[in-house]
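Below are the structure tokens for one structure; questions will follow.
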């Protein structure tokens, strides 16, 4: 790239997304007020209350499911804080959330505030990728891809679950991270398993394909069946579980399905006892993303007792919910589940 | 209604909606954090900033447009506080917002928290009306209808604008209100004109039809042309204007159209200089509710400089925006516009 | 406007929207197939079936409610054909549908296919208005505004319902129309009443304000209470009614409310026995546009027996429904209701 | 299950979803009319036209991407016909589409028309699963799960791509299918590769976990990296490609990403030259499902020349588009790509 375009590129990439810090403000009075309102405001309070129930149920394992791009949009620290403060015992996420966003920023890179009203061909010519109103430097993403490849190159060639591989990414960050509080590293350090059921659908996919392409015969593989098997094992051992879901997609379905899978293995378990989902997806197209938690009851996946759908773009309401729970403080005495330890 | 159903009715109507009080918490740190995020969170901060620009422009008249049912859902006090604190110089709203919700509660009635998962035939049998997850006692609504009729009966029979009639409702409340801080009364006391371009599409419609039905020859009429004429006169005198819109519908279009109307009268005026809209309506069905503010620029209605769409169900974000503006305090030294005075 | 911009303007306004002709193709096999599918496809067939029930109920008066801009987008002829073929006995519509679109094209003007990805400031400079991906020549709209003014100038100065005024527009078209099959003219000729509950929120508003502005003391007024009274009278006389609604907004609420209004007048009537609504509005913001027909049952407005919501942008599915009904032919022996006649 | 519940279960499962047959009606006049309309109707015609361009480009490989549940809702035969008639050279789909729906019906099972307004706890007690308004017998789904397990048991224990495994499912159906025209079998017979990037997030996942659970040391694994590598190889060999996407989700992103992956492998290829997406997902939450094709241009994934988004629930518009293309007949002389053959 020549100097002129380099200058121009910097013009586009100058205002980084700053991740909201739920410890820096206390949303308690707002959430308390919303509890007595209607529409989505009341849903926000309801979601906080169901998450609080999960935290105060001594038997409950909390599964945090993340789809969509809210980590790029300023919620990355919320998720990391949830792991750090023991509000999430298992993470099931899209590959992009874990690799392109969280791991990417741990390597020292950033997302940038942009606009959706832009000439995408110009962005393309500058190697700038756009997520709605947010920009990423594609050259930095390629560094991320290649870092994944190097990690894969360093591992024994065999089939891994995404959880196992992400654990290696966390281990790598303990020595190499430029930003210390990434979810991937915190999860590694606290034995919180992280699953990406569609792991190759991300920057990791690029790095791993390159790894396999250079090693056609002996290489790392990511066995998505193993992912499902491991998550089902956690469900079978945990018994009581709650889902806290941002967006829908594969993570939602994957985590819900563990109940049915356990039954098929001859080890029937309780449905997920608690469930929250924050989404703007519509119910009426029949896709899982927008399907109601009530619908999941018909599948025997989610108990009908403690459910809360929140109809909102998550960046606007997740900070309120998480700050409320953080300041309520019921996470403080909660023992860590350390589910990663069962696989050692 | 017999005693059994009366007991049952009370079971449904026992948890009133409590309106959020933007003065009781300070959202400043949240909005400040959202300014550096992306997606709808950044839009929330952008909306606060555009409203703040309106407040600090000494020439700007602020037109608050309200569609939808957020007043029933806990935002009623927000709108009243905006009038009280001089953040809204003109109100254009759906009839339901002004009559069925604000005036209704001024008469001492309440909205109640309910659920959308309910047998609507049972509600019908109990004379309970439902707005998504919120209930209203229809017998109380009929008291509201009849109060409107009594006000109409007391007026000289001729054609009024909705603004003129709502002013009489405000005057009525100065002696009869059971709840003192209604928007209708505050607007009356502070000479803030309130327009309902589809006034009869509300509880007022019921009362006024009854009034006319009993007086087929000489009666009060509501001339919606006069509404448009008066609002256009305000626009022509105000010159610099900003729109703060919750939802879309008729209020949005009506307020925007004043620019075009002034031109047709041979008195061309500037487009609305500032515009904010909070909505979940989709742009792709071509309806006005979801049309972008950019689209309004093609019509010569809204200037392209200071626009902010916020994609959210308003109960979740309006309290953040309004509390931020309230605590920033730029409204304190702002002179009242008292646009009602030009019609006296 | 100078020559250069005139040339440019013609470049934007060269591909007129052609209105779909439901008589030119037969959607019967498609609708029949959709009846055995799921999701929105089945809703399409369900809507056709409920409309067919209305047509075959000898007591039923069909109220066609139109909000949104589908008339501009190619469905104008569908609505006109529904009036012509006796599938709609009453029309309740947004002012834009009736005046800016139907009456406008009757004057010989057209809508044009455009794109939503356009510089709206350029459009503004050319006096081109945009509705999503559709363009209108604002200079032609001003001709429409002024035609309304001339009609108003010619009438006795007093308060009219929008129905009365639109009837005069229909009468005007019988001699002046450049396009003969407009809904406004067909409704006039067949005594189908047309109501616009927010009449001044349209091109009619501009013309009528100009009319009043020149005649501050004696002028035509549009009494929206009278609209509601007249529609309620039709409901009370018709007794059995069905609603066929495109979009939501004021027309939906207005038509539904007649049941409650009749009760308030001491003349209780049955709820609307049949109801269809085609919309993409979401239920979760509590606004009327997206509220379910089931919710309307709680208000005593719509019977729970024969309801069908269709989740679709109407231009894609209305032609299928209307063509199916046209070719089924049950409208052929149906007597005209001629509700306009009761007001003569 | 006892007899009483068995009777009840049959009451719920008596009206099977019949899949629409695009050869049985000709949508040509409807699509031709929609081309001259606006809003989503025009998008429908645009989508048909872009698909037609793909079919008539002798170099173009067509990648059909399917997310959501339209196969359960009556579109299953549309996708099978697209493979049979050579309109789709590669399929990338959600696991549910391929296994729970298409393979499931090939085993002789059905989906049933139901309703979304139902007691999901009752369904649960009857082992009936619900997808919006559609029911499935969970006991039959378990037969499907176990069939997958048997296929896995019969294979050499090693890592497979989902494409390789789905090929074995197709081979299995050539002798075992109760319904002959499934997509899985037709794809097998015509060498059309089928990828499920999140394969274990489906009925296949259940069967494969059971397979691995019984064989902890030597078993079939599904390597999602290999999936991405194989699809990228096809992209590198095909060079000119078009995407025809129903819904978004992982299939959309996965297929788009092959362009970037090829570049990372040092083999830069052209962006996808053509792209169509049918979705109701909103753009404003930043998730991939609703992101515009224009946004994909910034990533270098999709060319900006021939793109068409269609805002619709696919069951309502896909039959129109596919029937139009079927009857236009440009697929008849098109040679099969047989991409599966490159992996033999």
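So that you can tell them apart, the chains are marked A, B, C and D in the order they are listed, and the count of residues begins at 1 in each.
The rule is short, and it goes like this: contacts are C-beta pairs under 8 Å (C-beta built on N, C-alpha and C of every residue); 3 or more make two chains touch, one makes a residue touch a chain.
Everything numeric here is computed off the predicted structure, so don't read it as measured data.
**Student:** For subunit B and subunit C, what is the smallest step count along a path of chains that touch one another?
**Tutor:** Shortest path length, in steps: 1.
**Student:** Could you quickly compare A-B and A-C and let me know which has more C-beta contacts?
**Tutor:** Comparing A-B with A-C, the pair joined by more C-beta contacts is A-B.
**Student:** Same interface as C-D shows up in which of A-B, B-C or A-D, over half of contact pairs matched?
**Tutor:** A-B
**Student:** Could you please state the distance in Å, as a whole number, between where the Cα atoms of subunit A are centred and where those of subunit D are centred?
**Tutor:** 25
**Student:** Using CA atom averages as chain centres, what separation in Å is found between subunit A and subunit C?
**Tutor:** So the centre of subunit A lies 47 Å away from the centre of subunit C.
**Student:** Distance between subunit A and subunit B based on Cα centroids, please, to the nearest Å.
**Tutor:** The separation of the two C-alpha centroids amounts to 39 Å.
**Student:** Could you check subunit A for residues that touch two or more other chains and list them?
**Tutor:** Correct list: 38-40, 69-70, 72-73, 131-134, 280, 282, 284-286, 294, 311, 313.
**Student:** Would you tell me which residues of subunit B are touching subunit A in their complex?
**Tutor:** 15-21, 24-25, 27, 29-30, 33-34, 36-42, 44, 69-70, 72-75, 111, 113, 117, 131-134, 280, 294, 311-313, 315-317, 319-320
**Student:** Note which residues of subunit A are touching subunit D in the complex, please.
**Tutor:** Contact set of subunit A toward subunit D: 67-70, 72-73, 96, 116, 118, 120-121, 123-124, 128-134, 138, 142, 145, 159, 197-201, 205-206, 208-213, 220-229, 232, 247, 249-250, 253-254, 257, 260-261, 264-265, 280-289, 291, 294-295, 297-300, 304, 313-314.
**Student:** Can you tell me which positions in subunit C touch subunit A when the two form their complex?
**Tutor:** Residues in contact with subunit A: 38-40, 282, 284-286, 311.
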